[in-house]
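Once you scroll down, you'll see the structures, which are given as structure tokens.
Shared chain: chain A. Partners: chain B in the first complex, chain C in the second.
Presenting the complex of A and B:
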């Protein structure tokens, strides 16, 4: 397994996947920073505002980023027509396990960088609200769970079609559906896995004063049920991808 | 020569899955736009104009760049496969003609998409929003201006897809470019970034014309971006060594 993972690292060399892992948190941070809080009342509610908006930004950025990571992991074998050769050199299990672990590691890096950027943004912009460590950790776990689920779904599409086009198309359409579901009644969002970042969020608009353009955010309950369902979906998609690798004729 | 290259590029699109994306994305955008409009009738009081903003807001900010990126990346992916790059570079046509042919085909797809978006807007306005009569002529102008603004996006995405030998990365860069465009437009630098041009042309987040009094500048920016990207592509294709 270690050897197979090392091989994946070597394949990723010069593939510049790290830039994708950096680009997503950077884009989210710049996007968040553009809505810089002004005034004492906004600074006192700034972390809440940030953690309320981050799931929406993730809905826009992450599905496509997951499709990019998954497609690049498998496309290298498709382009090089290496699958048949690899199956004579290593077990199918070790190939799939290495790719899954490598992809999961890249996603973890992406999520950790995003969380770090959030904390850094609060420090740079001098938020006066108490640092919500527990909520940030919950956001990280939820983002990671949804990302994993989407990653394995995109990997499955890559394995089925041996072409990144369907995976990317599904990701683009999924992003659009996910974004729209964020502005629909909550029930609708449960049927759109690409947008699960939003119903998993733990902040909501508590008070919206249209005349004074002020918004106050409040906490909601952690959505453990949906998080569990997301993890279950991720596990099912992982199993489906593994079955496909195991049984596919090359 | 160019005509033959365009014909070849058109053939590559036959039975391509790209047509599914072309159909689905505007349909979802129109469906959501109409739903949102009908849910917020007390705020959205400008009739056809309000419906236009709801139909095209997310489309022009985020999904048009991604869609055009997918068109462009699909056309170049075929050349990046196997030994096709060597083959096209050895073809008896100037390499830049290949770029122009691909640009023509992407622009053709873009035109179809814009017309489809406008038709959906028209149908949703008449059938679901219940507007009497036809939409104002300005909305047709917005659509055409969006098309002109989109030329720079198409050229830039073709350039990126030519340089990056991956289908996925240029599509992702298209989305990031759209987000950057949205942020830059909010700061007032709309004409300095190609992805903003389409957003500005479409006038998708305001009822009043965002380009009023700045139309010549807009067309100038579109022309300059197209020229710069075209020249860069030509330079890279003709001066760089073949990378297969």
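Presenting the complex of A and C:
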């Protein structure tokens, strides 16, 4: 397994996947920074506002990022016609495991960078609200779970079609559906996995003052049930991708 | 002579179609073995089964003296180099980096890379990205990957496909030299009999999944000679010469002769020229694989009678 993972790092050389892992948190940070809180009231509720908006940003950015990471991970084998060669040099299990671990590592890096950017933004913009460490950790776990689920779904598409286009198209359509579902009743959003970032969020609009155009964000309960379902979906998609690699004749 | 590859009743069925039907292959050690058949005959499918890339519907594969199974597959393939259908190579990496990946997976020290690059004449281009390589260079890189670790057996599926004439000649020379240069036994497939004749010692012919012939090339060549068409300016003057040699004569300007030994044919052409028949063209026809098969089976039937 170590050898297989080492070769995945060798293959990643000059593939510039790291830039994708950096670009997504950077885009989210720039987007969040542009809505800089002003005034004492906003600064006192700024982390809540940020953690409310981040799932929406993730709905826009993450599905496509997952499709890009997953498709590039397998596309490199398709373009290089290396699958047959690899299957004579290593087990299918070690190849799949290395790809899964490498992809999961890239996603973890992306999520950690996004969390770090959130904390950094609070520090730079002098938020006065207490740092919500537990909520941030929950957000990280939820984002990671949904990302993994989407990553394995896109990897599965890539394995089926041996072409990155279906995965990318599904990701674009999924992003639009996810975004649409974010503004629909919660029950609707449960049927759109690409948008699970939003119903998994632990913040909501508590008070909306229409006259003064002010919003006060408050916490909701952690959605452990949906998180569990997301992890189950991720596991099922992982298993489906593995079965495909294990059984597909090349 | 010890066999490096042996298959017993090897079969592969896709739906109702038998892609490979009870193939018995025997590749002797230290030779270049040509596996010949038209496109879709079952060559690649057989080779994939030899490498465990696809599972046989029935039958058995013995590689390097051991029956191939899931447990020993990778251990056996560590002693085998292969290139199936198209050359492999990560396009964004250099040849050196590609070979380092293969060397790591084969547990081979990087110092062997220089040796294989030298064999395939890619040393000068080892630091260029494979995406910038010509097809011929990619084919040579594929062979370099197969050669890493000095395998006892090389399985190459149509390695000259898509190459220009110079590339084909270079590849032929390279493959022909391998048993002597590396000690490897080579199994190479092609759909062109003429291409194989220049580099192999043993041949196996497959068509529609059936093994039609297996044996030394010389034995096959005896059956591959076809008719010879001779175009004449004056067939009337040629007729006595042809009859004197027991050959059919007619009024047509083109005379079709049965397969003849080279010396006999040269002698006959000389006599025709001396007679004033005006020989303007001699065209030997090479038999198609199917015709060779019919010739072979016809001969066998005659022997049995």
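In this text, the second predicted complex is superposed on the first by the 250 of 250 C-alpha atoms of A that agree within 3 Å, B and C clash if a C-alpha of one lies under 4 Å from a C-alpha of the other, contacts with A are read in each partner's own complex, and residues count from 1 in each chain.
The rule we apply is simple: contacts are C-beta pairs under 8 Å (C-beta built on N, C-alpha and C of every residue); 3 or more make two chains touch, one makes a residue touch a chain.
Being a predicted model, the structure only gives us computed values, none of them experimental.
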Chain B versus chain C as contact partner of A:40, first or second or both or neither: neither
Contacts of A:79 with chain B and chain C, given as first, second, both or neither: both
Touched partner set for A:23, first chain B, second chain C, both or neither: first
Comparison of chain B and chain C by chain A residues contacted: B
Touching partner for A:91 - first (chain B), second (chain C), both, neither: second
Which of chain B and chain C A:169 touches, first, second, both or neither: first
Contacts of A:130 with chain B and chain C, given as first, second, both or neither: neither
Contacts of A:183 with chain B and chain C, given as first, second, both or neither: first
Partner chain(s) touched by A:64 [first = chain B, second = chain C, both, neither]: first
Touching both chain C and chain B, counted on chain A across the two superposed complexes: 79
Footprint of chain A on chain B - complex, ascending: 17-18, 20-21, 24-25, 28-29, 32, 35-36, 58, 62-63, 66-67, 70, 73-74, 77, 81, 166-169, 171-172, 175-176, 179-180, 183, 186
List of chain A residues in touch with chain B within their complex: 20, 23, 27, 30-31, 34, 60-61, 64-65, 67-68, 71-72, 75, 79, 164-169, 172-173, 175-177, 179-180, 183-184
Contacting residues of chain A [partner chain C, same complex]: 3-4, 6-7, 10-11, 13-15, 76, 79-82, 84-91, 249-250
Residues of chain C defined as touching chain A within the complex: 48, 51-55, 74, 77, 80, 82-93, 97, 100-102, 104-106, 130, 145
